[in-house]
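Per-chain residue numbering starts at 1, and chain names A, B, C and D are given in the order in which the chains are listed.
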Amino acid sequence: MTTTADTPPPDAGRDPMLDAVRGGVTIYDLGRPLYAGMPQSPNHPAYTHTLPRRHGDRTRPDGGSAANDLISMGTHVGTHIDALAHVSHNGRLHGGADAAEACVGGRYPEHGVHTVAPMVRRGVLLDVPAVLGVECCEAGYEITPADLDAAVRRQGVEPAPGDVILVRSGWGRHFADPDREAYIGGASGVPGVGADGARWLAGRAPHAVGADTIAFERLAPGEGHSVLPAHRVLLVESGIYLIETMDLDALARDGVHEFTFVLSPLPLVGATGSPVRPLALVAARGREVPRG
Amino acid sequence: MTTTADTPPPDAGRDPMLDAVRGGVTIYDLGRPLYAGMPQSPNHPAYTHTLPRRHGDRTRPDGGSAANDLISMGTHVGTHIDALAHVSHNGRLHGGADAAEACVGGRYPEHGVHTVAPMVRRGVLLDVPAVLGVECCEAGYEITPADLDAAVRRQGVEPAPGDVILVRSGWGRHFADPDREAYIGGASGVPGVGADGARWLAGRAPHAVGADTIAFERLAPGEGHSVLPAHRVLLVESGIYLIETMDLDALARDGVHEFTFVLSPLPLVGATGSPVRPLALVAARGREVPRG
Amino acid sequence: MTTTADTPPPDAGRDPMLDAVRGGVTIYDLGRPLYAGMPQSPNHPAYTHTLPRRHGDRTRPDGGSAANDLISMGTHVGTHIDALAHVSHNGRLHGGADAAEACVGGRYPEHGVHTVAPMVRRGVLLDVPAVLGVECCEAGYEITPADLDAAVRRQGVEPAPGDVILVRSGWGRHFADPDREAYIGGASGVPGVGADGARWLAGRAPHAVGADTIAFERLAPGEGHSVLPAHRVLLVESGIYLIETMDLDALARDGVHEFTFVLSPLPLVGATGSPVRPLALVAARGREVPRG
Amino acid sequence: MTTTADTPPPDAGRDPMLDAVRGGVTIYDLGRPLYAGMPQSPNHPAYTHTLPRRHGDRTRPDGGSAANDLISMGTHVGTHIDALAHVSHNGRLHGGADAAEACVGGRYPEHGVHTVAPMVRRGVLLDVPAVLGVECCEAGYEITPADLDAAVRRQGVEPAPGDVILVRSGWGRHFADPDREAYIGGASGVPGVGADGARWLAGRAPHAVGADTIAFERLAPGEGHSVLPAHRVLLVESGIYLIETMDLDALARDGVHEFTFVLSPLPLVGATGSPVRPLALVAARGREVPRG
C-alpha cells in the first residue's frame, strides 16, 4: 500500500494486518441477537422492532419499493457496553465529576458513550467453568480471585494492561432458555465476580471487561440489582468499561483464550451506553502469507 | 497463543493479526455521531435519545445510582448498512424472493440485517474529488465509470472481489452544516454514482460498497428519492450491501486508499438495516514486531 | 346563548346540557393511570415515559424553561378502545373487508381508530358482583346471560340500542396489585363474558361495550389470549367497539347504573386502537337550575 | 334513574344531562388528526405510528387475528394540553415549587398531567377574525385586549370564572397546508395573544384557555419560541392550563360561542402534557324532552 500512486516502496508498504486478513481470519461473533421478548433487564426500556413500511405498501413508478424499521430500546439491552456516565457512587462519576451536574441539556457530554473510542485490542478469555470442571457456574456463584488465577494458569495466557478481559461463567446458555427469566436471574441469582474479583480484574489494568451475563457481576440470590459492587470498583473507581450479555461459548468451545478484540460502540451522543456486536478475531498462523 | 497451558508451540502459535495490533494500529472512525437533529432522511423515523433516569433520581442504599437511556430511531439513520430486505424491484428481493411474502410475522427472517455477517475485509477508498481536482463534487453530480477508473489509476489500488469499496464524493462536509437540509440534498441534489457507476462497482464484485452521502447514489436535482437505480443494480440485482452516511474525510486527508475494513452490524432480527460504526484499520508497517 | 349579539331569544336559547353543567355534575373517571410497569398485555409494546428535557436543562434568556416528554406505547395498553381494524376472523374485518388489503401504506384508512366518532351517549353499568353477592368474580369465571339478566332486573335499568354497556366483574381491584401478573391473569384466568354473554350484549345493539379487565372477555384458566370469542361476536360480527381496562369501582360503590357516557378517542390515523380516559357524568337533579 | 331497583322516585330521579343527551347533542370535534408528517413543534419528539402486527402476520387456530400499533411521540404534539409541570419561570413552577426539585425519579408527581382533572365546563369561543372582519389573523399579529373585548361584545357571551376560553385566530386553516412549515410559523410568525391579552384572559379567571395555534400565543416574526410571555402569565403565574393546536373552525362557522366543553387528558403519570381530543357539545333546545 502506498499513499500516492508513484512510488510504492516494494516492501515497507505492506500492512501486516491486511496481510493477516488475506491469510484468513476466523471471526467469533460475541453479540446476541436482538428481538422483542429476548431476556433483558426490567430496569431498561424494552427492545421493540416494527416495520413502518413493508414491501407492497408503496411502490415507486420505477418498480422499486423500500421497507424500513423503527426500533425503540434502552441502550443497556442486548449485548452492550456501559459508558462512564452509566453508574455513579456517592454522587460522583469516574474521575470525581458531580454526577448530577455531568448531565447537560439531557445528555452526558463528557462521560457519554460517544466518548468511548472504538477498540482494536488484545482480548483474553478467562474460562471459569473450565477451571471448575463444570459446564456452567451455579446460580449466584461468586467467581473468586482464586478462580481467575486458576484460569490464567490453566490457559497460559496472562492479561496485560490495556487488554480486554472477558470472564466466562457459562451462564450464556440460559439466554435462549424457554423460561425467559432464567437468564435474568431472580430468586436464585446469577454467577459472576464480586467486589474481590472486580479488584483482581482492576489490578490487571484492562481497558474493558466483559461477561456472558446481564449485569457482568454476581447477583446474589433474591437481591437482584440492589447492590452492584463490581460496577463501583471497575466503572466508577477504575474507569474500566463493562460489556454485558456477551456470547462467549464458541470461544470456549474452540479453546480460544487470546485474540484480537474489536468493538465499535455507536456514537450515541450523551448516552450512557450502546448496543454493540463485539468480535474476536483469530488469524491463520504459521503459514506463509501470499504476496500480491 | 495456545489452547492449553501445556505445549505452546514456540512459533507456529503467533497470531499475525495480534502481532499487527501489538505493532500499532491507526483506527479511522468512519461513523457519524448520532444526535437528535442530525441530518437524516425524512423517510425514516427520527433519531431520539432521552434519559429516563438520571443520577440523582434514585440512589441505592449503598450509594450507587445508574442513569439510563431510551433511543428510538429508524435503522436507516446515521451511518448505517442496508440489508437485502431493504429494497425490492418489481416485487422481488435479491435472489428472486417475493418481497411481500418475505415478511413473516412482521420480520424478514431470510433477508434481515441479522443475516449480514460481520465484515473484516480489505477496504478500498475511491477518492473522486481528488481525481476531479475539487474539494467536493457538486450537488447532483453523477460520478461516472471514467471517474472511478481515474481514481483507481491515480491511487494505484485495484479493487478485488470480496473487498468493500468506499466511494468518496466529499459531500460529507455538509453533515455538520448549520443548514440541516444541506446534507440531505433537496432542490439541488446530491452527488454519487448513477446506474452506470453502480454497474462499474458491481463488475468488481465487492462484498459491500459505501459512500459519504445519505442515499449512497446520486440524487438528481429536485427528484429526491423517487428513482434509485444504484440501489437496484447493487442491492437487488447483485446482493451487494450498501453503507451510507459514512465519514470518509480523514482517510482522504491522509491518503489512505487501502485498509482493513471492519463493520459489525447489530443483529436486529428481521430488520431491514442497522446503524453501524465502521472502522478502517491501518497497521504500522515495515518495522520489527516485538516478540513477547 | 345566542349566535349574534343582537337578539338573544329570551328562553328558546337555553342549552339544557349547559344548564345541567351549571346545576352541578359529578364526573366519574373511568380511566386507569398510565405508568411504566403498570399491568398490560405482553402482546403490545410497553408503555414508556421519559423526559427528554427537564427544568434546568435549558433556560431561555427571559427566565423561562420548558420540560417535555417522550411516550412510547402500544395503543392497547392502559384504558383503551379497540377500533374495527383491531381484530379479524377468517381474514375478514367487520363488514366483510379483506383484513390484509384493508391495510394501505401501513395504516387502516377505513377501519382505524380515527373513524371512531367521539361518544356522548347513555351509559349503563351492569354490576355482576352485586348480583352474585361477591366483591369480585372469581378468576376465569364466565359471566352468563342469566347473570346479565339478573343485573338488569336488580338495577331496574334496561340497556337501549345505541347505549354503551359496561360490564363490571370486580376484577379491576387487581390493577394495583403488588403482583403485576394478577390483573393480567395467566394460569387462573380472568372473569368476563364468553360467547354467550357476548351474544346477549350484541342483542341489545349497544354502540360500544366496556369492562374492567384487560381483554374485556373471559380468559379461561391457562389459555391466555388464544381464543377470544367475544371479540369475534362483538367487534367482528357486530361492529360494536370494545373498551378495556376500565375503572368501574366508583360507579358500583355509588350505585350509579345509568349515566352520560363520554369517550373521545385520539384520532390516531390508521391505528387499531387508542388510549382513552372515558367519563361517566351524573348531573344534580330534582332541583331548580339557576337562570342567568 | 335510581340507585336501587325498588323505589325510583318518579321525578326527582331524572338526570337533566341525560335528558339533554336524549334530546340530541351536536358534538364539535376540536381535535386534530394525528399522523406522521403533521405539523408539530420541532422542540418535541415526532409523532410516529407503525403496525408491529398486521392481519395475516399470525392467525390463531380459531381463525382470529389481531393487528396492533406502536406510537412514539412527544406529549406536546397534535392537539394537547399543557400541565403545570410544562413551564417554569426563574426556576419556579406555578405555586412556587422549585422546578428542578419538582422532578422526582424522572416524573413530576405534583405537577404532572395526571393531576389535571377531566373537564366538563362551560366553554366560550372568542372569534377574533370575526371581529376584525378577516378570515384569518395575519402571521405574527398580536391579539389585543381590545380585540377580546370586541369579541365579547359582538358575541354577547361573557366569560365567567371557571370557564374554558378558546381564542380563535383562524390560523388553524394552515394545519393541512401543503407547506408543512406554514402552520408552525417560522420567519413570519403566528398570530395570538401576547402578554397583555394573556392578562386580559387571566383576569376572567378561566380554568383553561385554548387556541387554534401550535403555541397558543403570538410568535413574533423570526423569533420562534424564544420568548413565551403568555405561557408565563397564564400557566406559571395563574395556574391556567393551555390547550393548543385546536380545531375551532366549525364552531366559528356555525356561530357557536357558548357550549359544554369536555376534555379528558390521558393520566400519563408525571408527564408535562397529554394529547387530547376536546369536544364542544351543544344540546337541542327549546323543545320538549321525551320522558321514558
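As a convention for this text, contacts are C-beta pairs under 8 Å (C-beta built on N, C-alpha and C of every residue); 3 or more make two chains touch, one makes a residue touch a chain.
Chains and their UniProt names: A, B, C, D = Cyclase family protein.
Here the structure is a predicted model, which means the values were calculated and not measured.
> What are the chains that subunit A and subunit D both touch?
B, C
> Nearest 5 degrees, what's the C-alpha rotation angle taking subunit B to subunit D?
180
> Same residues or different residues where subunit B meets subunit C? The copies count as same if more than half of the interface numbers are shared.
same
> With centres defined as the mean C-alpha position, give me the subunit B-subunit D separation in Å.
Distance between chain centres, rounded to whole Å: 45 Å.
> How many angstrom lie between the CA centroids of subunit B and subunit C, rounded to a whole number?
It comes to 48 Å between the two C-alpha centres.
> Measure off the straight-line distance from the CA centroid of subunit C to the CA centroid of subunit D, and report it in whole Å.
21
> Going through subunit B residue by residue, note those that touch at least 2 other chains and give them in order.
45, 48-52, 54, 70, 72, 106 - these are the residues of subunit B that touch more than one other chain.
> Can you tell me, using the touch rule above, whether these chains form a line, ring, star, complete graph or other shape?
complete
> What residues of subunit A sit close enough to touch subunit D in their complex?
36, 48-52, 70, 72
> Considering only the defined contacts, which subunit B positions touch subunit A in the complex?
Residues 1-6, 8-9, 11-23, 25, 27, 29, 31-35, 43-45, 49-52, 54-56, 59-76, 78, 85-91, 93, 99-100, 102-103, 106-108, 114, 117-118, 120-122, 153-157, 226-229, 231-232, 254-260, 262, 264-273, 275-279, 281-286, 289 of subunit B touch subunit A in their complex.
> Quick check: in the complex, which residue numbers of subunit A touch subunit C?
45-46, 48, 50-54, 57-58, 72, 104-106
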